[in-house]
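Labels A, B, C, D and E are assigned to the chains in the order they are written; within every chain, residues are numbered from 1.
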Amino acid sequence: MAIIQVKDLHISFKKEKKKIFERQQYIEVLKGISFSIAENEILGLVGESGCGKTTLAKAILGLIQVETGAVIHRSKYPQMIFQDPTGSLNPSKTVSFILQEPLKNCTNMRAAERLEKVKWMLGEVGLSKEYLQRYPGELSGGQKQRVSIAQSLMLGSKFLVADEPVSSLDVTIQAQVLNLIKDLQKRHSLSILFISHDLRVVYQLCERVMIMKDGLIVESGTRNEIYKNPQNDYTKKLLKSAGLRD
Amino acid sequence: AKEEASEESSIVIGIAQDIEDSLDPHLMDSAGTREVLFNIFEGLVKPNSAGDLVPAVASEAGSNDDGTVYTFTLRDGIKFHNDKEVTVDDVVASIERCADPKDGGPLVQAFSNIESVKAEDEKTVVITLKDPDTDFLANMSVAILPADYISGATAEILGTGPYKFISRSPQENIILEAFDGYWGEKAHIKNVELKIIGDADTIVMNLESGNIDMFPRLTTAQAEQLSDKFEILEGTMNLVQAVYLNNAHKPLDDVRVRKALCYAADAQEIMDFTSDGKGQEIGSSMFPSFSKYFMPELNEVYNRDIDKARELLSEAGYPDGFKLKITIPSNYKPHVQTGEVIKEQFKAINVDVELELIEWNAWLSDVYTDRNFESTIIGVDASTLSARALLARFESTADNNFINFNSPAYDKAYANAVKSTDDAEQTKYYKECQSILTEEAANVYIQDMAELIALNKKYTGYEFYPLYAQDISKIRLAE
Amino acid sequence: MKKTEKHNYNLILGIVLTAIVLIPAVIGIFYTPYDTESMNLALKMASPSFSHPMGCDNYGRDIFSRIMKGSSITFLIGVGTVFWGSLIGTLVGAFTAYYGGVVDEILMRVNDVIFSFPSLLLALVFVAILGPGTYQVLFALAIAFIPSYARVVRGEFLRQKSMDYVQLARLAGAKDLRIMFVHILPNIRKVLISSILIGFNNAVLAEAGLSFLGIGVSPPKASLGSMLSDAQTYLFSKPELALFPGLTIIIMVLGISLISKEVA
Amino acid sequence: MTTVIKKIVGSVITILAVSCLVFIAFEIISGDPALAKLGISATEEKLAALRLEMGLERPLFVRFFDWVSGVIRGDFGNSYSYNMPVSELIGEKALTTMLLALYSFLLMIVITIPISIYSALHKGDLFDKAIQIVNQINMSVPAFFGGMLISLIFGMVFKLFSFGGYVSYSKSFSGFLSYMFWPALAIAIPKAAMAISLLYTAIVEEIKNDYVRTAYSRGNSSRGVFYKHILKNACIPLITFLGMAFADMISGSIVIEQVFGIPGLGRILLSSIQQRDYPVVQAIIVYIAFFVIVSNLLVDILYRVIDPRVR
Amino acid sequence: MKRILRVENLSIEFHDHALAEKVVTDLNLDIFEGEIVGLVGESGSGKSLTAMAAAGLLSRHDIKKSGIIDFDGTDMLSAERAELRKVQGNKLSVIFQEPMTSLNPLKKIGWQVEESMKIHMPEMTASERKNRALEVLLQVELKEPERVYNSYPHQLSGGMRQRVMIAAAMAITPKLLIADEPTTALDVTVQMEIIELLKDIRKTYGTSILFISHDLSLVSILCDRVAVMKNGVIVESGNVREIFDFPKHEYTKKLIASIPVVEL
């Protein structure tokens, strides 16, 4: 059963005008994307930088207006880990508030219970309790990223979009966080769209992988199909650059 | 050489309000307008500073014994400001216009008594009245305007007064210039600017900076702050300031209650608080400069007597006092201040005063026209040099009897006064009217307020009038 | 360490200043050294002395006592006006910016209408409908104040709306209202607070201005504003009459602004 | 193109709405123009006759419609109290007020920008603290009182200008400018105090952003960082305020004009409201509404120009 | 070889909370001319702060710094701003970790890329600058340099912004380039291009690079030396090959063991 189904998605943005009276021009970022994610599946999305991955992610979650095409999803509280942890953490809220937010909105937990859960989650992402009262501005890049991950996992939702969730974490923490995600995925039958540039991480985590370039999906298949027997030139180039192919 | 000096001479006079009603002397109404137009327009007769009527456009004015026929002789060579001579046609047209009953009654109420206005010859105008009225001459100060203005052929503002109108800029100023062809003593100062000073708080600064040379109607506080560059002239405003009581409103419909209020008020204390004791106490609807009618003895009728006031209130059934609302137009600071003191004074007899400040226009409609009020503080002026100007409004059926005063005795005395052809007798009846007002405690009479005029010492010659008027023509440069 | 201390220092100063004004004001509701309304000719324009520390006014009334009484009215009007004005203004600004489209157009046009409408006329309408009185002034002023708050809040909201954290909050299940007021609002609080302070000043002073229409406190009651404008008549001869109510206003506003700046 | 048309239609509706409200307001408040004109000599009959002449007997919407159709023809009607065409009556005054507002606006900017910049850059030092206090005090001084003080100190004590010696711009523009400096200052000071407080707060907030660090890393001087980066960002909240301030200065000049004896719209608006001279009030309000709308439009455009994110 | 950066006994302490927090302790680090030094370590261990300190960008007064940072004769810890700015953006440039917020949202990309040139090379004409900007934008693999040049930051993807940061830092030819996780948001092909580019500028201009990264494979192919940080101290440092092949410290071992492996 597909938890998300995307059909022929197109999205374009206005181009910056150079002169005031120039005609408005558009650039098409997503040029017709279709795929689906099954329940309990982690789908890796790898692609050229600027090809439209973040745009696709936001469109799936309804954060960007979809022009043509359809997104059908059947999950209650889809979550997203944003690529940019700084912009996505409210600068005037403490870590504690940020992490409790989903619980406050979507559950009936009491304050003490919430706090308990927040502390637990903080530990899971490798942060100590001291950070509860910190503001995002007082955290390092990786710490912010971990706070965003923690927030998105608070609710135990069925569907998660992770946009480069571990890019600024050192490998030890990265491994810890990835284990956490995997663990949660198993326990809660979570589906994930996992966007990353790190082909190794994608290989470790995802059963299925899609390769994107220029607003189109150029190749998709199981992990082994893609890594062992890539068809598309771009895929081959990617694997080669990552040292996974000669 | 003296002539030459006056060529150059000029004065800037500050006034508090612009002429907002009309520059047409027949249509204007407010006292502020009247005092300005006094310099531009004249009637067949006009008041002088002694309070007498003197011939103006007419060189002679007379009436028959019973006061039914008035005859006027046009002054020789009298000219409008455009140097055209005044003709009897102008006179007849002016008077007829004011007597025309269309548009809801004649412009001058008293002219409803006119039977006919006729030009006997080139020089003589005869006015015949329906009912005898020996006091009618006072109304003949009504301005004489050119006939072609009245017919609407021209809109130019022309009078026969010592100053001619040059221009105006609304809410800014009015410019006058001495009229060379004036029949009488010519104005001394050539150029006059009447400057509207909207903010009372800037008057002192305007005077001190030399921006204005004269300001009538200062408060004592303002006068105190002026340097010795200025001479402060003191006169009276010629207003009857009182707490006007709505005689139809409970409990003010009870004469004992009204009397109690009169006993509770202390005019001298009010003057002490609000104007350093300046002002003239009054006891009825007449101010002292109408010396012929003014009755100083009435001031003594209600001297402050709290016990008596309390007694009267108990008799009337209000031993614990009552609540009284005094409505005051908020733009008239002196009345508001009077209200504040009165409120304190009435406290002594447990009358709990609520001061309701409202805006002037709302006052006009709610209090004056609709008579929807309990009491109010205001100053009433006289439009003509006649006792009637002050007393007519208390006739029970008078249109402008806004306090709903109703006394058969008063109506009778007033009718007698109007009817009588003998001056002494008439005066007697007018005095009777005043006494009735006092006895009936129609209103809580307070004072004729002090008028303080600041005049730069460069000028001299200012004269007070018993009417609300500023005679600029008398002012001249000091030697 | 040093920094925290400095913070407290400002806050304490703010509290002290506000207390200097508000404590006498609160006491003034129950007790004043002299009756605030009874007049005394002997004390007319008396200079400051031991028994009358701020002197007496033109009716011989003790100025200190009147300031005690007047402060509470002024405070009430200032706080009330700003409260309602900023509350409604913030709601309008937040909704227009957040939803945009037709709501935005309509509310902003209404805003323009209110802003173009002279407050004098507005005040007159209020007097006509509700009669004169302190609360009427409060509401007339509050309405007149709405547009400015709405505009400021709208501008700031527009800026914040496009940020990722707003989208994140939406994903975290926050309802629109919660996003607007729990997530976005705190991020514009600095700007909002400085406009609230501006508004407080304006309200206190506007009330004084409206007294000449006869709405607001009617004499012999006094507010600081009306005392100040009455004192203008004696500006040259008795400047101290203006000095004390003026100082009280300044201290009150200064105190409140110090507190709110620190709290924000 | 369509947005332009939409804006124009919106503005016209706004103006119609304000003027309609003015009609209603005059209907609600007590007092009527005929009575105002007749004053205490009014009698029932005279009032009725004058009302008929003024056309006040007709129902509200008929009068409103009449007025609107007049305005479309460029005719704002006749003033009741001055018996002259409204446009003639307020033409010069409107310009005077506009110039005064413009003048104070410029002064406000001239005062605001350097002071807030200096103060924000030297946050916490003595000058900054002094500025904050002076600023608070400025905000607490009523406009009328400030005006009086300015005229007292500069006009009466130092004699830098002749109090009340207003010169019309048509007579001598330089005289006009030098006299208007003082009232403009009186209007500008409290507004500048507010603007300073807003800009200061915004600057202090903006300095905390990461991009400021980037700017430093490129070797900008503190000034460079400030002028090229922070200022523009920090000005965004100020723009809203400035837009309103300009419109506010037009309608808010009432008091100051009185204090300095300037024949602008302020006094005539006040007296027309009191006289219930609604053709005049209407015209002035349309004028003010026009400025409100234009300044709001400018603010919106400026937003879009400055902040690409809200485009 | 000349030593270009000398960090000795650097300590950094925060004072903005009730308790002071020491985040970097007694840190020593040298970089020689033409050398690429990797700085790896736990997230939150103080890498970015060290880098900022070296770039002379820690000027907040609630941060206490001690030690010596000597960059090519300039004392980066305590020199006056006027002196620092001669260095910054000229002899030293920085690629910040967070490209999203480190770009001015109101300025076009082109302007921001050209900024250091404008400041330090006033002799360049506008068109020269633009050419150079387009050139570096192309060098960092931005396919449509013209469009990027005319865009605002919010119109670019995360990776594009990061490349813009890199381009801006390389628009001039610094003696030292501090790159704080410059490739996190880039796909591997672009990553490799960037690595090549960095090697290239080192070769042609002799630029030294401080390369902070979590990607140990990149560090191993790019850097000459590497330092490993944990909890504000450098636990181990030395030649890349040595460290990677024979890690001594527990943490280093753990780090190397955590590299994800792909078994094809």
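We adopt the following convention: a residue touches a chain if its C-beta (ideal position, glycine included) is under 8 Å from a C-beta of that chain, and two chains touch if they have at least 3 such contacts.
The model shown is predicted, which means the values in this text are computed figures rather than measured ones.
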Path length in steps (a step moves to a chain that is touched) from subunit A to subunit B: 2
Check: interface with higher C-beta contact count, B-C vs B-D, is B-D
CA centre of subunit C versus CA centre of subunit D: separation in Å? 21
Inter-chain centre distance, subunit A versus subunit D - centres from mean C-alpha coordinates, in Å: 51
Determine the centre-to-centre distance between subunit B and subunit E, using the mean Cα coordinates as centres, and give it in whole Å. 90
Interface hub residues of subunit A, defined as touching at least two other chains: 16, 84, 86-87
Which subunit C residues reach two or more other chains? 124, 127-128, 162, 232, 235
Two or more partner chains touched - positions in subunit B: 201, 331, 359, 362
Per the touch rule, the subunit D residues reaching subunit C in their complex are 6, 10, 13-14, 17-18, 21-22, 25, 28-30, 133, 136-137, 139-145, 148, 152, 190, 194, 197-198, 200-202, 204-205, 236-237, 239-241, 243-244, 247, 251, 254-255, 269-270, 273, 281, 285, 288-289, 292-293, 296, 299, 303, 307, 309-310
Listed in rising order, the residues of subunit B that touch subunit C in the complex are 200-201, 204, 219, 221-222, 224-225, 269, 272-273, 328, 330-331, 336, 339-341, 343-344, 347, 354-359, 362
In the complex, the residues of subunit A that touch subunit C are 58, 61, 63, 77-80, 82, 84, 87-93, 101-102, 105-106, 148, 151-152, 154-155
Show which residues of subunit D lie in contact with subunit B when the two form their complex. 29-32, 35-50, 53, 81-83, 89, 93, 144, 148, 151-152, 155-156, 162-165, 255, 257-261, 263, 267-268, 270-271, 274-276
So in the complex, the part of subunit C that touches subunit D is made up of which residues? 105, 108-110, 112-113, 115-118, 120-122, 124-125, 127-129, 147-148, 151-152, 154-156, 158-159, 162, 190-191, 193-195, 197-198, 201, 204-205, 208-209, 225, 228-229, 232, 235, 242, 246, 249-250, 253-254, 257
